[in-house]
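Next up, some structures in C-alpha cells.
Both complexes below contain subunit A, partnered by subunit B and then by subunit C.
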Partner chain A sequence: MRTALGFAAAAIVFAVLAFAPFYLDAYGIGLMIGMTGYVTLASAWGLFSGRTGYVSLATVAFFGMGAYTVAVLNETLPYPVILLVAGAIGLLVAVVVGFSTLRLAGVYFVIFTFGLAELIRQLVTWFETTVTGTLGRYIFLPVGPEHIYWQLLVLCAATLFITWWVGRSRLGLALRVIADDEVVASHIGIDIARTKLALFSVSAVIITLVGAIQAPRWTYVEPAIVFNPTVSFLTLIMALLGGASRLWGPALGAIPLFLLFEWLSANFPDHYSILLGLLFIVIVFVLPRGVAGFAKDLTRRRPGGTPAAPKLDAAPLGTESREARS
Partner chain B sequence: MLTTTLIAGLVLGGTYALVAMGLTIQYGIARTMNLAYGETIIAAAFAAYLVHNSLGISPILGLVLIAPAGFAFGWLVYRLLLRPLVRRSKGGAALEIDSILATFGLLFVIQGVMQVGFGGNYISYSYMNFGVDVLGASVAANRLLALVLALAIGGGLYLLLTHTRWGTALRAVAVAPASAPLVGIDADRAARFGFALGGALAACGGVVISMYQTFTASSGVIFTMKALIVVIMGGVGNLAGALSAGLILGLVETFVATYVSPGLTLAAVYLIFLAILLWRPSGLFGKARR
Partner chain C sequence: MTALLSLSGLTRRFGGLTAVNALGFDIGEGEVVGLLGPNGSGKTTALNMISGALKPSGGEIRLRGEPIGGLSAHRIARKGVARTFQLVRILPSLTVAENVLAGLAFRGEPLWGEAARDEADLLLRKVGLEGRAGEAAEQLTYIDQKRVELARALAARPSLLLLDEWLAGLNPAELRTGIDLVSHLRDTGITILLVEHVMEAVRALCGRCIVMNAGTKIADGETPAVLRDAEVVRAYLGTAHA
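After this line comes the complex of A and B, so read on.
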C-alpha cells in the first residue's frame, strides 16, 4: 500500500514537472534542465557510492564522454542511435575501470577516479590533435531545450526507479550483506567484486547519458569544457549532503545546492571558485558529525524510507586503505 | 638525443620525487589526504615568479622566504582546518570523506585566489636560461639547477628523517600511529609538524618547477595527482620509495613524450599506476601486509 502510494505521488510529481516548459521562459527551462541534470547525476552517484562506500570522483569522466560522443557523432548518426552509442561507451569504460580498480581498497579508488577525467580529457585531446587534426566540435541537432528537459526527466525517473528496485532486489540484498560484513558476504557465496562492478556500470551509464542528453545545450564543445572537474565535486557534495544512501536523498541535496551554485555563479562570476571552496569547508564544519554522519542522522530519523542500509558512513575507508587487496 | 632525454627525465623525476616526498610525509604522518597539495605547489611557483620579476631576487634566495612560508601555511592548514576534523572523528571513518571535502574546498579557494590575482594565462620567467654542456648534450642551466636543488633538499630531508631523533619519532608515527604515544611521542604534534613539513616541501617543489616550466593557476590538480601516484607507487609514508618512484615516473614521462607522443604522457603514467596497483597494491617498496 505504501509502495503504491509512493509510486502515485512520484508519478504526480513527475507529471507536473513535465508540464513545466509550457509555463516557463527560456531561462526557467535552462534552470530546470540544469537542476534535473544534477538530481540525476547525484542520484546515480548515490546509487553506487552511497551503497558501496567507494567515493567516486569520476562523474565528470563519464559525463564528458557522453557529451563528447554526441559532439563527434552528431552529423553522422540519428539522435537515438547516438545516445545508444554513448551509453555503450560509458558501459565499456565503466567495466574496464571497475574491473581493474574495484577489488582495491577505497582510497586507491578515490585517487584513481580523481585522475580518470584528466586522463580521458588528455586522451581525447591527443586523439583530436594528432588523428583528426581538429580540437573542438560543433553540435547542430534539432533538439530544443524542452526536449532535452523531457529526456532528462525520463532519465531521472528511471534512475530513481532503478535505485528503488536495487534496494529490494537480490542485488540490493547482496549489497546489504556486503555493507554489514564483507567476509561474511564472500563466505555465503556473494561475488563482491561482480556486485560492485554491476552497480558501478549502471551508475556510470546513467551519468554518461546525462552528459549525452545535455550536450546539444552547448553547441560548441571541446575537451576542456565537458571534462570540468567541478561537476564531479558538485555531484559528490549534493549526494552526500542529502544522504547518499537514501532514495530521495541525492535529489533533496541537489535541488537547494544547485540553486545556490547557480546564484553564486551569476552574481559572483570572478569569485565563484573561492566562494564554492569556502562553502565546501563551511559545510564540512557546520555538520558536527561530518557529512556522512549527517546523512546517517537523517536516515535514523526516518527509518521507513530507506531502500538499503546506510553504507557510506559505515565504510571504513581509512582502515581499509592500508591493507589494500589481501 | 638520448642523453638530453635522460637528463630532462631526471630533472622532471627529481621534481616529482621532491614533491611526492612532501605528500608522503603529509599522508603518512598526518593521515589526511590533502587534495589541495598541488595548489600549494603552484602558489609557491607564483610566489617565486613575483619575487623574481618584481623584486629582482633570484629564486634560490626566494627559496629562503618561500619554504618557511610553505611550512607556516601547512601548519596553519592542519591546525585550523584538519585538526578539528581529526578530533571530531575520534579515529572514525568520517574523517576520510570530511578531509577529502575540506581539502577540496581549500583547493578551490587557493585556485580561485590565484585566478583572481594572476588570471588564467600560462606564466613563466627566464632565469639562468643558457645552455650547459653535459656529456655532449646541451642542457638548460635552470634544469640542472632544478635537479641539483631537488636532490639536495630531498636527500637532506631523507638523512634528517633517518638519522635524527625527531626524524625517527616522525617515522614511528607513520608506521604505528597507535603505538607511538606509548613510547612518549606526541602524535598530534608529530602530525602537525609532518603536515607543515609537507607544506615546506611543496613550496620548494613549486619554486623548482617555476624555474624551468610554464604553469597556470589551474595546473595544481595535475601535480596533486602525480604526487599521489608516486606516493602510492613508493608505498605510503616511504621516503626512499617516493624518491625512486618519482624518478621512474619522470623518466617514463619524458621518454614517452620524446619517443611516442607528448599527448600520451598521462596515459603512460596511468598505465604504470594501474599495473602497480594490481601487481603490488602496497607499493613498489611497501611491505606486503596480510
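After this line comes the complex of A and C, so read on.
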C-alpha cells in the first residue's frame, strides 16, 4: 500500500515536472536542466558510493566521457546511437576500472578515482593536441533545451526506480552487508567483487548518460570544460548533504545546493570557489550524516523512533571505510 | 565412507613463520570436534584456511572429497561451510532479522522474500531471540550478538559449522546457555569444528579433540584421553605440570 502510494506520488511529481517547459522561459528551462542533471548525478553516485561506502571522485570522468563522446560523434552518427555508444563506453571503462580498483579500500579508492578523472582529461587533451591537432569541438545537434530536459527527467526517474529496486533486492542487502563488514559478507556467500562491480557499472553508465544528454547545451566543448573536477565535488557534497544511502536523499541535497550554487555564481562570480569551499566545510561539520540522517536523529530521540542508519550517512567525507578493521 | 572434511599436509606460512605445518585430519558427518591448543598454535589460521579467509601455502582441504583449498571465501560458504568469528562480527547497521536474512539470501540455494522471513523467525527462535527481529543488532548485549551470529551461520544450512571461540568472553550463566545451544545443535546432527579454550565446553560438547602446538598436530582422539595426554598438558601448562 505504502509502495503504491509512493509510486503514485512520484508519478504525479514527474508528470508535473514534465510540463514545466511549457510554462518556463529559456532561463527557467536551463535551470531545470541543471537541477535535474545534478539530482540524477547525485542519485547515481549514491547508488554506488552511498551503499558501499566507497567514496568516488570519478563522477566527472564518466560525465566528461559522455559529453566528449557526443562532441566527437555528433556529425557522424544519429543522436540515439551516439547515446548508446556513450553508455557503452561508460560501461566498458567502469568494468575495466572497477576490476582493477574495487579491491582498494578507503582513502586509496578516493585518491584513485580522483586521479582517474585527471588521467582521462589529460589523455583526451593529449590525444586532441597531438593526434587530431585540435583542442575543442563543436556540437551541432538539433536537440532543443526542452528535449534535453525531458531526456534527463526520464533518466532521473529511471535512476530513482533502479535505486528503489536495488534497495529491496538481494543486491541491496548484499551492498549493506559489504558496507558493514566485508569479511562477514564473503563468509556468507556474497561475491564482493562482482556485487561492487555491478553497482559501480550501473552508476557509471547513468553518470555517462547525464554528460551525453547535457552535451548539446554547450555547443562548444573542450576537455577543461567537461572534465571539470568541480562536478565530482558538487555531486558528492549534494549526495552527502541529503543522505547518500537513501532513495530521496541525494535529490534532497541536490535541489537546494544547486539553486544556491547558481545564485552564488551569478552574484559572486569572483568569489564563487571560496564560498563553495567554505560551504563544503560547514556542511561536513554541521550535518555530517546528511539532512535525512539529521531528521532521523531527531525522530530517534523520541521513544519509538527507528535506530541505526546505514553506511554513508554515518561516514562523511574522508572517513575511513571499515576494511581497515578486518 | 568419505569424510565430510579432510585436511592433508595443510600448511600456511607468513614470511619466515610457519603458522600451520602439514596439518592433517578427517572429520566425519555429524561429528563435533574440538580444535585445541595454546595461543598462537595455529588453530584460527587452520580455521581461516578451511573457510577461505586465508589461502593455504600448501596441502589439501576437501569437503566431501571435493578440493576446496584456496577457493575464495564466498565459494566455500556456498558449498555449505559456515563460521562464526573469534571477536563477534554482527552486521551493526542491520536489524537482528536482517542479519539472519543475509545468511539466507546468499547461501548455495538462496532464500528470499516471505519464505526467508519465516525461516529467519524460526532461526531466531532456535537461538533464543524470538520477538527481537526488529531490534538493531549493534544494540544487543554480547551474548545476544553471539546468538545473532550463530543464527546467521545456521541460516546457511551448513554441512560444516566452524565455531571460533564462540563461547569465549561469556559470564558463567551465559556460558551455560551457550553450551546448551551448541549441544542442541549437535543433537540435530550438524557437523561442528570448534576452536575453544573453555575446557568445560570442550568436555560437554566434543566427542573428539585435536590438539595443535606450534602449528602441528600433537594429539587426536577421544576427548577425555586427549585431555589427559602428557604432551597436551605440557603444551598448555608447561613441563612442571606434566
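What we mean here is this: the second predicted complex is superposed on the first by the 288 of 326 C-alpha atoms of A that agree within 3 Å, B and C clash if a C-alpha of one lies under 4 Å from a C-alpha of the other, contacts with A are read in each partner's own complex, and residues count from 1 in each chain.
FYI, contacts are C-beta pairs under 8 Å (C-beta built on N, C-alpha and C of every residue); 3 or more make two chains touch, one makes a residue touch a chain.
In this text the structure is predicted, and so the values were computed from the model without any measurement.
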Which partner reaches more residues of subunit A (counting touched residues only), subunit B or subunit C: B
Touching partner for A:R176 - first (subunit B), second (subunit C), both, neither: second
Touched partner set for A:T130, first subunit B, second subunit C, both or neither: first
First (subunit B), second (subunit C), both or neither touched by A:N228: neither
Touched partner set for A:G189, first subunit B, second subunit C, both or neither: second
Subunit B and subunit C contact sites that coincide on subunit A, given as residue numbers: 314
List of subunit A residues in touch with subunit B within their complex: 55, 100-101, 104-108, 110-112, 114-115, 118-119, 122-123, 125-126, 129-130, 229, 233, 236-237, 240, 270-281, 283-285, 288-293, 312-319, 321-326
Touching residues (chain side subunit C, partner subunit A) in the complex: 51-53, 72-74, 77-78, 82-83, 85, 89, 91-95, 98, 101-103, 105-108, 110, 112, 136-139, 152, 155-156
Touching residues (chain side subunit A, partner subunit C) in the complex: 170, 173-174, 176-177, 179-181, 183-192, 307-311, 314
Touching residues on subunit B, where the partner in the complex is subunit A: 31, 33, 35, 81, 84-85, 88-89, 93-98, 100-102, 104-113, 115-116, 221-222, 224-225, 228-229, 232, 236, 261, 263-267, 270, 273-274, 277-278, 281-282, 289-290
